């Protein structure tokens, strides 16, 4: 088959005048772990719900292996889903919960029993089959929900912020389990989250949603190294922005003059970067060098705050144009020693590590 | 006055057989920002509630400027407190909330008005005086609670996880505000949290609580660089632990043999590190170097997982003795390029950056 | 929304049927009675041959009707005050106290809601005869108070449970003494619960008829009892007028209470 | 805990007073009646000169008492079934439907709880006379159904609101059709609400006396009505016996329902 496994074709969802999802277009390969990342209200969950059939798109189509899904009602789509909230059936035991989709499909009892114990083993909850959901922790409940969603071997598994109700430690533990289960089963996963770290940890590719649209799709490294919009740069990783103006442009690069006249040459640009345009120059806090003495080609600034954060030190500095720059120094870095608020410092950076957005 | 400003003297709190706080002893200087850091149930909140007079200690004493506080009922202690939950008076406007402690103290109206507007300005909520609490966001409510607690110039301000109900972004914003307010007012703050990053960001000193006791008190850098117990090492920053045995000891340092015979010499130790003792060797993930080719004095391991996390890359490796080691490489580090699960790697570290706990 | 009301004809049909049923057997009789109270026929002919206010004139001209309304108001008023005060104290103890038998005590206070009224009436009647409270105002108030207390305790307990104790603690740390904190912070914060308790207590007493019949004496009759006893003699349009006024008062009080509640909650 | 029950003598004293009051005017009369029902004196002398089961024998020997209990059970049974079914459908629409007038409809269904029973009884009586339902079993059931529905709708709506709709969605994605999901997942999950609705509906009808008196005919009398009419003639110990049995049945049913609820919630 030459067509992609799952195709989202121009999906749009409107409520009256409000556009929740704006012509989203995306292809997903078989076995891929694709994450929809974005702030709340960016349309990522709505897109997932449309895939699940729990909402209907205003226009557009969803194709699975080349056939449209929209004609099929939710309960016949054969798609697995894990919800943000705990959705175990409260009156059924863990085993009966996992057996539910198989019972509905009228599978023979022997097959059901075998599948249930295999699914519970997959999520490492063997021996919990007789436990009632109310007696389990949130993390265990979401693992059972995962087992239930995988019990009928769905071609696609949807996950709608399944870990958002859990605390950080448990979240990381279950992220690891999800990654393992993805590798073991090879199921295609569409995962919704607003947590960039979770997205980076889990995904093959990430689609960054903003205001109902996909801003950029790519691997975590791609999105971090080559953000195409300011929104993506802000959402993935930490970033500093300085105001500047294009002096000379061409070939996807531009020379940029900052507020106090400081020139940065040959910065890769995104957007229409004609001369004279105002741009935002993006720097990554950990790619900025900090010097205690003046250096050529570096930006003068004053330290406003120094915070030690375990494995690194955050320095907040203010440039001569009163713009705030965050710098991250690794633990034990010599220039962090004795640094304190009010110190004069000079900031250096490689223009090729910066990006300019119009 | 030679005595410290606030003294916690052997405070103990018992419920039947359960000891919630076990003989806690701590001196706090005037104007200090002291944080009680620990997991839930470690006794940090109970200690705070005893300071506030909302609970009574089983034994021990609290001295403020040399005089005991325990004889004074809560409402006469003149201590400010911000609670974990939102505690604005729901039937009073923001201005009336802030005025409440002054009304109770029967201050003249002109003074009340002046103080309220000054307090609201301090938390940057000028113009919100007539707003009802229910119409405000959680972050705003906690800022009003802060203004109310500071309105009567208390010598000590207690804060019991005031930001735990807020999301991460808002939390960081208000942490910054709290730090600023601490600097502007010079009030002595006792702050309870279970979030190490919050503690590092805010505090002058941190008291790490574990099972009702203070394990260690110090600045963030001290706790991170010189943890005195394994608990502190685990709680502040990330850490790896390898099992080992002391071969030779003396002078606070020991030579340690790891499981597969690998020797680490002159590791600073804590606890009673006599020869033959089993110890846990602690390494910080960012102080480990990773090599793709064998090197002398380095530990062979196999990569199990590589996760790109924006500004750095986490590598999970397994040693020959099947122990898990996490390594953190900064973004763009040459040895991260192309690294993947299954690769053989060699781990190097400076023994003086390691610590051994018995 | 899986259940889109307009899409599922079957649901709509069911809901329409239930609405029709309730309207038919609840609203229609009330409207019917209201219409009769304005009808000119003495024999309750429907539809009335003409319209008149005569029965209302008769009602207000008869001192016995006015007297019974006054008795109702006095009893209900006394019950309301006692019920809210006792309900508040009981709720504070039940919600905040930690003592054995708390659950049993709560159950005891709620029991009057579920006991058969007729049995309670018979029992109170026999008991009051014996202890000499029969036919007295105090007896009347105490009997209705027992019926009203459960509503008061439930309303106030719910409000107290929804009120975060930390807010009171905050007031105390602000310098208010424990009693000052309760008066200036806790009471206003649960005012909607106190108000609901008052409204329910008033209505329970105001509308109650079974116990009232047993408690009543010829000189101490509440409005519902007066309607009842008049009805025993004769089904006159005056009863329809009295019933209509009673419904208007009740519904008006409920609407007022809804408005006040909204205002209290802002 | 600022309010430590043992430390605050004043609170304790208040609570003791309220408990005493409720016990005195609620429990004591009931115990008094129960004692009289076993007393050997025909004239309800207290304390009874001796003990006997004679009045219970009289009660069970009289076919009219048994018949009225049977009528009560039939009416209450029919009301329960209808009330739960209609309450479920109405609650589903009210909780999940999005349509105009939803709040007004909810208020209409709840109204019978707050209207004066005596007015409702008068109105239903006049109305039923006119439409020919007076004195019929159907009329009886419909009148009580209107009184029982609010309890049913409140219980089931609460249960539905506490039930996360996502669970039903999850069942549908698991392959269950929407109706299958409701039957196999939603209904069992709200079973405690359905059960409460059934118990309340039964008790409302079983214990109700005012409307019942108006609906009753000589051949169609419920137990409370029978107690009432017998009492009009004579205050005999048989009434005390019937009252005692009615209380035991009611309390027993409530206790049973508590146990079942706990079992359902596990």
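Residue numbering begins at 1 within each chain, and the chains themselves are lettered A, B, C and D in the order written.
Convention: a contact is a pair of C-beta atoms (placed from the backbone, for glycine too) under 8 Å apart; a residue touches a chain by one contact, two chains touch by 3 or more.
Predicted model only: the values in this text are computed from it and were never measured.
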Neighbours of subunit D that also touch subunit B are A, C
At minimum, the number of touching-chain hops separating subunit C from subunit D is 1
Between the Cα centroids of subunit A and subunit B the separation in whole angstrom comes to 28
Per the C-alpha centroid definition, the whole-Å distance linking subunit A and subunit D comes out as 55
For subunit D, residue numbers touching 2 or more other chains are 2, 169, 172, 178
Residue ranges of subunit A touching at least 2 other chains are 54
Contact graph of the chains (line, ring, star, complete, other): ring
All chain pairs satisfying the touch rule are A-B, A-D, B-C, C-D
Within the complex, subunit A is touched by subunit D residues 164, 166-167, 169-178, 180-181, 184-185, 188-189, 191, 266
As the complex stands, subunit D meets subunit C at residues 1-6, 11-12, 14-15, 18-19, 21-23, 25-30, 32-33, 36, 44, 46, 86, 89-90, 92-93, 96-99, 105, 108-109, 111-112, 114-120, 122-124, 126-128, 130, 142-143, 145-146, 149, 165, 168-169, 172, 178, 203, 206-207, 209-210, 224, 227-228, 231, 235, 239-240, 243, 246-247, 250-251, 254
In the complex, subunit B touches subunit A at residues 179, 196-197, 200-201, 219-221, 224, 236-238, 284-287, 305, 307-312, 328, 330-332
Listed in rising order, the residues of subunit A that touch subunit D in the complex are 52-54, 73-81, 83-92, 100-101, 104-105, 132, 134, 145, 148-149, 152
